[in-house]
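Chains: A, B, C and D, in written order; residue numbering restarts at 1 for each.
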Amino acid sequence: MIDIGIVGGSGYTGGELLRLLANHPEAKVVAVTSRKLAGKPVSSVHPHLQSVCDLNFEAPSAREIAERCDVVFTAVPHGTAMDWVPELLDAGAKVIDLSSDYRLPVEVFEATYKTRHRAPRDSVFGMTELHPEVASAKLVGNPGCYPTGATLAVAPLASAGLVERVVYDSKSGISGAGVEPTETSHYPNMAENVIPYKLTTHRHVPEIKQELGRLSPGVKVCFTPHVFPGIRGILTTAHVFVREEAVDTIQDRDAVMRIYREFYKKAHFVRMPAAVPKLSSVRGSNFCDISFEAEKGSDRLVVISAIDNLVKGASGQAIQNMNLMAGLDERTGLWFPGMAP
Amino acid sequence: MIDIGIVGGSGYTGGELLRLLANHPEAKVVAVTSRKLAGKPVSSVHPHLQSVCDLNFEAPSAREIAERCDVVFTAVPHGTAMDWVPELLDAGAKVIDLSSDYRLPVEVFEATYKTRHRAPRDSVFGMTELHPEVASAKLVGNPGCYPTGATLAVAPLASAGLVERVVYDSKSGISGAGVEPTETSHYPNMAENVIPYKLTTHRHVPEIKQELGRLSPGVKVCFTPHVFPGIRGILTTAHVFVREEAVDTIQDRDAVMRIYREFYKKAHFVRMPAAVPKLSSVRGSNFCDISFEAEKGSDRLVVISAIDNLVKGASGQAIQNMNLMAGLDERTGLWFPGMAP
Amino acid sequence: MIDIGIVGGSGYTGGELLRLLANHPEAKVVAVTSRKLAGKPVSSVHPHLQSVCDLNFEAPSAREIAERCDVVFTAVPHGTAMDWVPELLDAGAKVIDLSSDYRLPVEVFEATYKTRHRAPRDSVFGMTELHPEVASAKLVGNPGCYPTGATLAVAPLASAGLVERVVYDSKSGISGAGVEPTETSHYPNMAENVIPYKLTTHRHVPEIKQELGRLSPGVKVCFTPHVFPGIRGILTTAHVFVREEAVDTIQDRDAVMRIYREFYKKAHFVRMPAAVPKLSSVRGSNFCDISFEAEKGSDRLVVISAIDNLVKGASGQAIQNMNLMAGLDERTGLWFPGMAP
Amino acid sequence: MIDIGIVGGSGYTGGELLRLLANHPEAKVVAVTSRKLAGKPVSSVHPHLQSVCDLNFEAPSAREIAERCDVVFTAVPHGTAMDWVPELLDAGAKVIDLSSDYRLPVEVFEATYKTRHRAPRDSVFGMTELHPEVASAKLVGNPGCYPTGATLAVAPLASAGLVERVVYDSKSGISGAGVEPTETSHYPNMAENVIPYKLTTHRHVPEIKQELGRLSPGVKVCFTPHVFPGIRGILTTAHVFVREEAVDTIQDRDAVMRIYREFYKKAHFVRMPAAVPKLSSVRGSNFCDISFEAEKGSDRLVVISAIDNLVKGASGQAIQNMNLMAGLDERTGLWFPGMAP
């Protein structure tokens, strides 16, 4: 049994780790931290966990957690994880960081987040489908929610050298903005609206560029995010513009399908459904569903991916990383379907 | 032309007054106040009003407003209106107060709101269907949103002496809770939920008791409010339990219908649709739609009413009051249908 | 391993049985029927089940299914189950019927559903919290969704002899109306609305009366259902009016709590949260969350219950029944938390 | 007073014409047709119109309508309008067709809709901002909902010769799919989902290409539509890729703003709000709100437009056309704000 610690258990990703780990056959959460809620039952802020999780929040030091845990998930805000991670690592724990602190090279992180990185460490970008080296990592930077769906949608095409430019238009459920009420998350503002934001400057772009660029240097990436009136899920519409020499290739549906199937042949959580992916098919689950359609006589291939932002886009992917780091099948404790309707 | 002032124009009821008055043929908004937004365009917080309303927020004194306006709407929080109303009245303006400060006798107000009333004044309860004396009022206490739908649903039966007890179960859109984001209004909390609150202690109960009690002394009132995942609208389910001698009467659908039609024969905004009322039929409009069904062989008559909480339940009803106070037809500027779908 | 058959697998309750049984450690679905979809993969109508459930729909006879299965769930429309159940039983299978065909005495069924019952059989009402005799049943009539939340909310009070009358006001997600699009389920009609229906005549009332009446003969039951704009969940507001001699008792919160705790001491799936129950706390799970509040100085106690209509209100409860019938702990395969947010 | 006829009054655009015309000071609806509802009150399918519109549906011939009306709106399905329009015109009525039958040259129509055009007539594309010649038209082809928001968003840039390619990613409320329940409009399918469809083949594309191509021959247009969980509104995200020589221009926000302001200086219904447009700002109104942001150091300008698909995208724009055709100010009867929240 793997003993698990969760640093920062009061938010959505912390709650989701607890929900998902409640039935993991090889892992057991032994500590959940929250400074402001220390001493209170986890179910006081996560009433859905009542009876299933009887832990109380604690406020131990990094060292204390590391001593009690084999693996620690840090689910704290961006810029805060770096205050926990080094000590956790030094005390011998493996760490999966759900913040943005360990996803990017230091200079890219600092330029993107306008923050000095106080504690750089070697880490692996925790997208197991592209980074099998997660298996031997001590520290994993768990990918952002948008980059997960966006990268998985296009990686096979990029890897095959077909892509000139991708115009990503992503639609996220509002849970991605976190547990704190804001003007945007105010129901009368969010319902019956679709709200574009950070039209050209979202901080997740460097992750997408990093991963696609690794597979296909020079690929151009545009990205515009929106929130839609839904709780969970990210539906990404990737308008892929291919290189001149690939215009014929994308018109051959079977050829494109072979590229995807080959690329994802070992990736259990990537599915290629017959119809256009639905958020309801992945809701609450760790799947990423992908489909595509070429525009006739054009250089455009439209790829759609659907994930649950809190599972495959955060806590589920984190557990998938943990599974690999622990030598388990990546499906362990995560092999359940989405909740539809 | 009636010159209108709105004290407190940055919230939902203020915005709704501006929206509704934009096309009123006999009234013109000349001043809108907001202390924190003084100098900014109204459309900075109400972007839907851009081009149609080109006013800026101001922060004048009560006296200044009263001097510029014939009628002033006070759309400020409960307990604050009493700081404006006396001076407005004294300076000669007629006042329609959308807060709770002038709806109840002082002692009931103080017991309900746990606040001393600093400036009691004579006022009329502004439900024109029950209070034609609004026409000659200087100060109107505009009814609460729940009491509007609840009272109109049952008043004819109470007036006919049929009612023993009413169990009100109301469902409100979340705009009723105001413009400020809260934990309840946070989209991930409100969507896919129905949230009962103040199960037995809502502050609107005394208004309902006052109005029904006036029509039928001793009638028993129970009330439980809920918010549902919608922006606007209050659907009230009134489980009416009738007096023993009325059990046969309510089984005669035509007889009950006659009671309603007679009671509301001059009330243009009360409709009795053939089917169960829909919030979509009254959305954005000043109508209150009502229907009923008796339970066979029982003492229970179920009455359903539907209103838009921000229009008939607040700003529309306020304008209806203004129309009467100005000697206009109550429909002036308000005679448009709901927005469906 | 228990071999499971599902008769009628294309609807919501069928899909939900497949979702929930996918991870049941002691049961395995071996046959799923659908006449019109025979030969097609289950994931063609349930895309969320792709990869997790690789069965195809079949169209075997009742006898064939019974021969291959230990337990059969019938998830077919009301009035159709009776064409399957006798043959399944005669061929030796245990049957859990999710339709209404085996929940009520024949004469009550026939009066309620205006249908002659063509194949009456002995059955147990499958609410394990009230009917431990499920454990030895061959045929279980799985309760309706509304009666589940309504009965569990009030059973302890009825059993304690406190209740005079209950006025149930229930709010259901629209998935309760099934998988076929209707005018009511049309998004522009359902969104931003709350729709009361069958105000005094819902067919689930006899189940509630039967169960409460068993615990407390003569208790009066009123029931009005609504659909609200949500996919899953039933929030039931039970306005409980108590007997004159119980008016003091209900003012003692601890005393009432003891009644509930004692009544449900062995019921793992009934929780009594500290705050008012939320649908989001039970979403996707088999829990029924209950809380209550007495109106001061009144004979009214307001009890709120929250369930997922497709889980505790249908397929989850059916599996809970199966667990008992198979001699397993009722929690087997069902002990996971709701999905929040 | 202009006498108005509406052919096909039972759907959403017919209902919306009735709602909007109810308060038009210069026009009066005198006939509404529906074959299957002839004789029934309009409020039987449009309960929101009760009291405000007391017409009954009729089933007259085209000639009869034309004789009673000055202007006729045809709000019937694509391919059906052509059976009405010629006779209406021949009998002297002016016609505004809300279907797709008169928006495109015959050969483009036939290729797009796979239907032979049985009755071609000269018509004007009814987007008044681009086609002032509407004023003298006898027959107007009222634009599709998507083309309205998409074209208005980019027309000024195209007209200025800046545009190389536009990638449109549009998000529509589900009312755009009409009044008939479908699998997609089924609440449990639509809620919590965002559904892309006709990824590369939507039938509205030729309208956009026609209008932008007129302003800037050779501009490339890609278009992918989605439905989101909302009733009304189309939010269009236009990823505009500019010509090499325009890369610097788009970085100058003021320069781009001047292009828009100049182009729309007479267009009362196009607003350029300070912040990103919201569907809630245009809900129920005839406004089209537009804003833009250039990606730093890139050839991409992101333009966002928001309209109400049933108003500016259909019935409101149709009335705007009628106003011009009747020599009225285009704002007549349409100059009211959106409904927010």
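Heads up, the rule we're going with is that a contact is a pair of C-beta atoms (placed from the backbone, for glycine too) under 8 Å apart; a residue touches a chain by one contact, two chains touch by 3 or more.
Computed from a predicted structure; not experimentally measured.
S.K.: Using each chain's Cα centroid, which is most distant from the centroid of chain C?
M.R.: The most distant chain relative to chain C turns out to be D.
S.K.: Higher C-beta contact count, A-D or A-B?
M.R.: Higher contact count goes to A-D.
S.K.: Using CA atom averages as chain centres, what separation in Å is found between chain A and chain C?
M.R.: Using C-alpha averages as centres, the distance is 35 Å.
S.K.: Could you state the distance in Å from the CA-based centre of chain A to that of chain D?
M.R.: 39
S.K.: Measuring from the mean C-alpha position of chain A to the mean C-alpha position of chain B, what distance in angstrom results?
M.R.: Comparing mean C-alpha positions, chain B is 46 Å from chain A.
S.K.: So which stretches of chain C touch two or more other chains?
M.R.: 12, 173, 175, 188, 191-192, 229-232, 278, 280, 283, 341
S.K.: Give every residue of chain B touching chain D within the complex, in rising order.
M.R.: Touching chain D from chain B are residues 12, 15, 19, 22-23, 43-44, 46-53, 175, 191-192, 231-232, 268, 271, 273-275, 278, 280-285, 287, 289, 310, 335-341.
S.K.: Touching chain B in the complex: which residues of chain A?
M.R.: Touch list, chain A to chain B: 12, 173-175, 179-183, 185-188, 190-192, 229-231.
S.K.: Within their complex, state which residues of chain C touch chain B.
M.R.: Spelled out, the residues of chain C in touch with chain B are 167, 169, 171, 173, 188-189, 191-197, 199-201, 222, 224, 226, 228-233, 235, 237, 239, 276, 278-280, 283, 293-296, 298, 300, 302, 304, 341.
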